[in-house]
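One structure, pasted below without further comment.
Chain nomenclature is as follows: A, B and C, assigned in order of appearance, with residue numbering initiated at 1 for each chain independently.
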Amino acid sequence: MSIARAAAIILGKELRTELRARELLSTTVVFALIVIVLFSFAFDPTSVETRRYGPGLLWIAFLFAGSLMLNPTFAREQANDTWSALRAAPVPAFAILLGKMLANLIFLLLTEIVLLPVFSVLYNVSLQGILWRLATVLALGTVGIVATGTVFSAISAQARMREMLLPLLLLPVLVPVLIAAVEATVALIGDQPVLDRTWVTFLAGFDVVFLTASWLLCDYLMEE
Amino acid sequence: MPDAKAFLPLGLVFEGVDKRFGNTFALRQLSLEIAAGDFVALLGPNGAGKTTLLRVAALLAAPTAGKIRFTGRAADSLEIKRRIGMVSHSTFLYDDLTALENLKFFAKLYGLDGSSEEIDVGLRSAGLAERSASLVRTFSRGMRQRLSIARALLPSPTLLLLDEPTTGLDRGGVAWLAESLEGLKSSGCTVVASMHTRSELLALVTRAVSLRGGRVEGDSGSGGDPAVILASCTAEV
Amino acid sequence: MKWRIASTMIAAALVFGAGYAALFVAPDEATMHAVMRIFYMHLPSWIAMFLALSVVFVANIAYLATRKSKWDFLGVAGAELGVVCCTIGLVTGPLWAKPVWGIWWTWDARLTSTFVLWLMYIAYLLLRGLVEEPGRKATISAVFGIFAFLDVPLVYLSNRLWRTQHPQPVILGGPESGIDPVMGKVLLLCTVAICWVMVMGLVDRYRLEALRHEADGLRVEAESLQSDSTDFVGAVAGRGL
């Protein structure tokens, strides 16, 4: 069975499970909202500096929400040992990882799409005319978060204290994504919006490096 | 590449297999040859290594030393996995999905088209047809075990690995399991099932292998009489 | 044993020599005077850190390729020594910055990147501590270690690109540009000294891990021998276990 087909089957299962349980998406969105609101108490949201702080705040909210959301990816498979059922099935190891990565990508992107208008309203930032370019930055950054996060979720699922461990492993490693995504977003919401090529290329490079590493190392994550 | 649906008899060979977890050896220098079509009762006290042996056979755990190989025409490990069915201590089922959804998912993973027909037959045979649209979370222990077995049998495996499969089953469930296994046995399926000496499945057994301390203690052999081994194991209990 | 004595004596000689050179032989720096001498500890400790972390990377790959425990021992040894050297660098940086710039931390690109590095390898060590079974621990930490190392250049690059857009005072940027030849030699001596001590620490930590592993194995074997003999006795007495 090809990797793409197997990944699609697993993606289907992940989506169906979430549709049934409906717990992941809602809690992720609410948590991100809480982070955004908290920031408004820590910094004055009405001042001119929001242009500068806004994107940073947004991406930190995505990072925090993402690293919480990524935990159940593999932890969920430990109930009833469905993890072994997946590994025993005749599907390539990378397909399992890829299917889950795609599911997480969809969930995190959905969270971001919900949060964006909220952010724009609360912090008075106009998104007009930059939507497609912003979508590019969001997509590239989210792929980075999700690719790395899914692999690290597989890693931390095999350790104790996995809910605390995952952010510990993930957030330092995602610093380059944070910097690049924030700078690219800042460039877009300024007075003269421009899609910063350097940062966008950097994000794409990060994604390629980490996706390739995941592909090369996935078998080691699947052992017993 | 052989047709995915073609019957491919599978035997397995353990050659000096060690399986180590940290500093404990679950399997020690275990050598065993199981011919295609054998119906093996795997016996032994707790901690003897039965579950580990089954997991190594299912390609879930790789041997720390030694190797395991399969006899039969299968080429790569994915093809072999396609033909292995496993029932474990855990149910291998998703609680948040319905019985039907669970079976459909695994059917697709095993290369079946997931058509409702095959799955309905499986569910009906397991006595779960009325509850096919219920979440597994709502199932009783016995029903989960039935569904777990149905899941393993769905892709018509030629090697069945069963870890105490009668656990949680009522009399009707055991009868169904025995009937299904008999059908598979007569079509040449190899079965390795860990069980206790008073198991209802003993009538089907053609060979008995007992483990102790991760090693093979007694083996009635491929053509031999399992009664002797069974008797010695019974005497211990 | 002879090697130990010899290498310890060499280490002592190097460290004393380097210390003396850094404090008395190196010329006084034009603007910062004595404070600048921290540089002779700061930069070499970062070089030692990169050496240690490269060892970790190689060990991680080697473990996944060969599954031999010794590579896992080397990995944890390298990570611990790397974190120690990193800590020295992160402490000496602000120690220099305070008298010169008046602030402890300037978020300069290199310092910040190294701080992130420190966090990553602390996470590596924490991860190891949270996995019981040695085989899993070794495999998982090797995978994480490889990812972390691949991230290192990306962290430095992104910080650097960022700082070129938002310049900040650079810690110890001065002495690098056009270095006086005597300073250069002292720096080399200090680097050799610190790296030597780091490698000695690495070897010791490696040995410690290997010994721990051996001791665990012996203990388990002793326990199993004990239970085997009880087993035998039990069988002889006609009772199962």
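Just so we're on the same page, a contact is a pair of C-beta atoms (placed from the backbone, for glycine too) under 8 Å apart; a residue touches a chain by one contact, two chains touch by 3 or more.
These numbers were taken from a predicted model, which means no experiment stands behind them.
Chain contacts in this assembly form a complete graph, since each chain touches every other chain.
When chain centres are defined as mean Cα coordinates, C lies farthest from subunit B. Averaging Cα coordinates per chain and for the whole protein, the chain whose average falls nearest the overall one is A. Rounded to whole angstrom units, the spacing between the C-alpha centres of subunit B and subunit C is 48. Rounded to whole angstrom, the centroid-to-centroid distance between subunit A and subunit C, based on C-alpha atoms, equals 31 Å.
Rounded to whole angstrom, the centroid-to-centroid distance between subunit A and subunit B, based on C-alpha atoms, equals 39 Å.
Shared contact sites, meaning residues of subunit C that touch two or more other chains, fall at 132. With touch defined as above, subunit B holds no residue shared between interfaces to two or more other chains. Shared contact sites, meaning residues of subunit A that touch two or more other chains, fall at 223.
The touching residues of subunit C, counted against subunit B in their complex, run 132-135, 216-217, 219-221, 224, 228, 231, 240-241.
Those residues of subunit A whose C-beta lies close enough to touch subunit C in the complex are 148, 151-152, 155-156, 158-161, 165, 168-169, 172-173, 175-176, 179-180, 183, 198-199, 202, 205-206, 209-210, 213, 217, 220-221, 223.
Taken together, the subunit C residues at the contact with subunit A in this complex read 64, 116, 119-120, 123, 126-127, 130-132, 136, 139-140, 142-144, 146-148, 150-151, 154-155, 157-159, 161-162, 165.
By the touch criterion stated above, subunit A contacts subunit B in their complex at residues 1, 6, 9-10, 12-13, 16-17, 20-21, 79-82, 84-92, 223-224. Against subunit C, in their complex, subunit B makes its touches with residues 20-25, 45, 64, 213, 235-237.
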